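Comments concern the structure below.
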Amino acid sequence: MTARADKPHLSREHMLDILKKMIRIRRFEDKCAELYTQEKIRGFLHLYDGEEAVAAGVIPVLDQRDHIVATYREHGHALVRGVPMTKVMAEMYGKQEGCSHGRGGSMHLFDRDYNFHGGNAIVGGGLPMAVGLALADHMRGGDHVIACFFGEGAVAEGEFHESMNLAALWGLPVLFVCENNLYAMGTALALSESETDIEHKAACYKIDAEAVDGMDVVAVEAAARRAVHAVRGSRKPYFLECRTYRLRAHSMFDAQLYREKSEIEAWRHREPIVRFQTWLQANHIIHPDDVPRIEADVDAEIADAVAFAEAGTWEPVGELTRFTYAESAGLAGQ
Amino acid sequence: MQQETVRAGTIETTYREAVKQAIRDAIKRDERVFLMGEDVGRYGGCYAVSKGLLAEFGPERIRDTPLSESGFTGAGIGAAMAGMRPIVEVMTVNFSLLALDQIMNTAATVRHMSGNQFGVPLVIRMATGAGKQLAAQHSHSLEGWYAHIPGIKVLAPATLEDARGMLWTALQDPDPVLIFENVMLYNMSGKLAADAGAVDIDKAAVRRPGSDISLVTYGGSLWKTLEAATALAVEGIEAEVVDLRSLRPLDDATIMASVAKTRRAVIVDEGWRSGSLAAEVGMRIVEQAFWSLDAPLGRVCSEEVPIPYPAHLENAAIPQADKVVAAAKAALGRK
Amino acid sequence: MAEFRMPSLGADMEAGTLVQWLVKPGDRVKHGDIIAVVETQKGAIEIESFQTGQIEKFLVDVGTKVPVGTPLAEIRTEGETKPAAAPAAALPKAPAAPKPKVPPASAAAPSPVQAPVRAPATPPAAPAAPGARVSPAARRLAEQRGIDLSTVSGTGPQGAITYADVEARLGVAGAPAAAPERKRAPALNLDAMRTAIAAAMARSKREIPHYYLEHQVDVTACEQWLAQKNAALPPDARLLIGVLALKAVALAARRYPAFNGFYRDNKFEPSQAVHTGVAIAIRGGGLTAPALHDADKLTLDDLMGRMRDLIQRTRAGRIRSSEIADPTITVSSLGERGVEALYGIIYPPQVAIIGFGKVVVRPWIVDGAIGPRSVVTITLSADHRVSDGHAGALFLAEIGRLLQEPDKL
C-alpha cells in the first residue's frame, strides 16, 4: 500500500478488508488460547482481544519500506503486517519453520522480509531500538517511518523518556504508538502514573501528539494517516495514544483479581469488531453473508496454519549454538 | 620514559592518541561509522579521546548524547540493525549498568532469537578500572561480567598496537563487540609503527616468553604483570606473560601452550576474585592442561571490597606487581 | 463425543481444582462461552469451551483437584455422529537427537580396566614414560612410598596414572574399579587397619581370659572324599579342605552355643545364627575376618563359592560393613603357610576362634596298625568367662567327628 491522503477511503472493499483483518486477529488469538490449554503452545501467551483496531488501523497505513517494533503482545501486528500466518503459528509451536526459526516463540516474532523487528519481552525495551532504526534512516537521508508500538505501562520505564527525548532532540522519524489498555499486567493506570493523560507526556518532549478512541478502527486509521504523513514529511517524531482495552487477561495464567467482571463486560459492548460490524450493518455497507464468509475464510486459513505448525519440524539439538554469532565471522564464539 | 631517537617508520604516541586515530581512521574509511556518547563532541571526550573530532567530522558523525545510557545504547543497536556501524561510547563501565538490559537482552540475543535474521554489528567502547581515587562507584572492572554473556565479544586492548588496531576489526565484525580501555592506560606513551593498522581480535599474545611460570592477564594489569616478571627474573624466575587481548572468546590454545611449557600459572585480573574471569581461565586450565600442572593455580584479583577512595587503600585493593611476584613465587614453592 | 478437559493455563500449572460449573448437562454451549471456574495457585480462573454443542455429562465432581488434561465433561458437538475428540494433547515427541559432535582427540571414556583377580602382581601394561600424565595425588603417594612411576601403568583418563594405580603397584587394594559407581567400603587403608588390629588384639588379651585346647584330627576321609568329588568338577568349582573345616565348625557351633555369640556388657549373648568369620590375610600386611553368613545352612558348594568371593572382594577392598561386624565365631587357617598349629587371639566381642594348621601325613594307628594318615591340628582359643575346658573339648571333638563324615557336611 502506498501512502495516501489523510482521510481513509471508506469504500466497501476497504471496510471489508479492515473488518477481516480484525476478525482474522481475533480468531487467531482464540485458536492460540485453545492450543495453549492443550499445551501445544508453551511459555507465556499474551492475547490481543479488544485491541485489534490499533494494529488494523495503523499498520496498513505504513509502507513496505517502513519498520515496525512491537511488544510481546504482537501476534496481531505481525499478521496485519503480512507475516504469513503459517510462519507465525509455527513459531508459536516452536517449530523451525516459524518466523524466528522456532527460537523465539510468542513473544519474539521477527521477520526481516517485512521489516518486523520483533516481539520484545522487556517492557520499554524496544523503544531505544526504534530510535536507532530511525537514526540510521535519518543519517542516510531516507524517508522511512519507524512505527514503535508499546503499552501504557512502558511510559513508566526510563527507556520511554530517554527514547522520546532522543527522537525529538535529533529529529528522528519515529511514530510512537501507545496502546493504552488501562492495565500494565495487573496494575491499573491510575495506580502507576501521576499523570494518567498519556498524550500529555509527549508535550514535555515537544513531540506532536494525538489521542484517539482505540476501539474505533476508522478513527484509528484516520489518526494513523495524519501521523504517518506528518512523520514522513517532517522527519520528526509523532506520538499517537490509542485508548483501548484488553478483553482477556494479561496472559493465560491470570486470575484477573485486579479488575471487576462488570468492567470487562462494559468494554465488551464497545469492542472494536462488534462496534465496527454493527456500524457497517446499520449503514448497509456489508451484506448478510459477508461476515460468515469472512469467518469461514479465516477459519480455513487458521486450520491450515495449525496443520502447518503440527507438521513442522524441531530444530535439531545439535544446532543449538548456531547463530549465537554470525557464521561468516568463523569464530567459535564460546 | 627515556627520550629515544624515534626510529624511522615509528611514531611516539600515547594510548589515548592511538584510540583517537583508530576512530578517525574508521570514520574516514567507512561512511557507516559514527561515534555516539556523552561528551564525545564538544567536550572532546571524558578522557580526551575524541578531542578535535567534532570539528573534523561534524555533529552527525560525532554525536553528543544526553545522559541516557539505555536510550543511546539501544539506539546504537537499532542503527546497527539497520546497517550502520556505530561506535557507542559509554563513558565508563560503571555507567554501563544502566544500559545492561539493552546489551544483554537485545544486542546479545537478537541474532540467535530471530533465527539469524537480524544481527547487531555494534561496537561499544568503555573506560574501565581503578587507580585514580575515584572511589566505589567509579572504579569497577566488569569485563569478566560481560565476558559471561553469549552473543557478544569482549576485548581488552592493553598495548598501543591493540588500542590502534582492534577498533577497525571490531567494526567489521557482524556481532556486538565491547572494547574496554583501562583508565590507567590512556596516558601511557610509547612507540607505534607509523603504518599501524587493524589487528586480530581473537588471539592472546605472549608478551614475554618464559619457562618457569605463566602469568595470564589482560588490560591494565598487563603492565603490572610485566613489571612483576622483571622482578622475578632478578631472582632467577623466568615468567611467561600472556596477554589475553580477547576475553570472549578466550584463546585457549595460546593459554594451554604456555602452561604446557611452564607447568604453572597465576592469573592476574582486576575484577573481584569470586566468580572472576580469573576463575574461568583457571577452570579451563584445569580442564585442558591438568596433567601439565606442577603446582596449584594462583590468581591475583581485586580484594572483595568496593574500591575505596584513599590512595593507600585503593592500591591495597587492586592487583599490584608485588602481589603478582608473591603469587608466582608461591607457585614455585619459594618465599 | 468431544471432551472438555482441564486446560493448561500456564507453564507452572500442573493441576487445578474444579470449583464451579456454570452450565449443567443439557445446556447448549458455544465456542468461547465460559463454562466453569477453576481454582489455581493464582486464584480462581474462568475457563472457556472451545467447542460448540451440548453438555452431555460431567466427568469430575466439583471440589476435585485434577491434573491438566483430565477430561471434565463430555460435550456432544453439533452435526457430528462420531464427535471429533479434542486432539490428543500429546506433547511433541522429543526431537530425535542428532549424532552428537564428538570433540576430536579428547577421549572422555576411560579405557576399560581388567580387574586383576587374585594374581599377586599385575604385569604393567606400559610403564609410565617420562612426562607421562600423573595425577597430583598419585605423584604424592608414589613419593611417599618410594615408587618409581615408570613402573606404574596408568588407567585414568587418557592413560593417566591415578592414585589407585600407584596403590595397585603397591599390591594394595587390587585394581581400580572400572565402574566407580559400584558401592564399596572405603578403600583399604593399611595404616588405619593395623592400628585397628592393634587396638582389638590388645583389648582382647587384656579383657578375655583365653584358654587353649588342641586336637589332632585324621582327615584322610575328607581328602578321599574331596578327591572323588573334585574329579568331576572344573577347577574353579572344586572344593578345598578349608571349606569342609568351615562347615564342620559351623555345625558344631550350633550344637555348642557357648562358642557362638558375643560377650558384651558383662554377659554372653549366644547367637541364633552362625556367621563364620574367615580370617583373610591381605597383601601388604593387613588382616581381616569378614563373615560368611549362616555358614551352617549353606551347602559345601555354596560355601566354597562364597568363600572365594569373599576373599576376592576382601583383597579388592570391597567388603561390606555388615560382613565385618557380623561374625559370631572365627576360623583361621595357616595351613597353606606351612604352620602346624596356630593359637589365635579371639576377636572381641566374639568368644572363640578356631585355628587350623597344615595337613600333614603322619604315622597313625588305625585298627591296631601303623599307617600313614592325613592329620591336621585344630586348636581352640576360647573365652573362659563363657565356657570351660570341658565344653571346649567336647566342641573340638565334635568338629573332629564331623570331619570323619564329609559326605554329611
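For clarity, chains are labelled A, B and C in written order, and residue numbers in each chain start from 1.
We adopt the following convention: contacts are C-beta pairs under 8 Å (C-beta built on N, C-alpha and C of every residue); 3 or more make two chains touch, one makes a residue touch a chain.
Keep in mind it's a predicted model, so treat the numbers as computed, not measured.
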**Between A-B and A-C, the pair with more C-beta contacts** = A-B
**Message:** Mean of the CA atoms for each chain, then the mean for all of them together: which chain is nearest?
**Reply:** B
**Message:** Nearest whole angstrom, what separates the Cα centre of chain B from the Cα centre of chain C?
**Reply:** 57
**Complete:** Rounded to the nearest Å, the gap separating the Cα centres of chain A and chain C is 65
**Request:** Please report how many Å separate the Cα centroid of chain A from that of chain B, as a whole number.
**Result:** 41
**Prompt:** Do you know which chain A residues sit against two or more other chains?
**Reply:** none
**Request:** Could you please specify the touching residues of chain C with respect to chain A in the complex?
**Result:** 5, 7-13, 31-32, 40, 42-45, 47-48, 50, 68-69, 86-87, 89, 91-92, 95, 97-101
**Contact footprint of chain C on chain B as seen in their complex** = 290-291, 293
**Asked** Tell me, which parts of chain A touch chain C in their complex?
**Response** 30, 33-34, 36-40, 42-44, 93, 249, 251-257, 313-318
**Fill in**
Seen from chain B, its contact residues with chain A in the complex are 34, 60, 63, 65-66, 68, 70-84, 86, 98, 101-102, 105-106, 110-119, 150-151, 153, 173-175, 202, 248-250
**Message:** With touch defined as at the start, can you tell me which chain C residues reach chain B in the complex?
**Reply:** 133-136, 158, 160
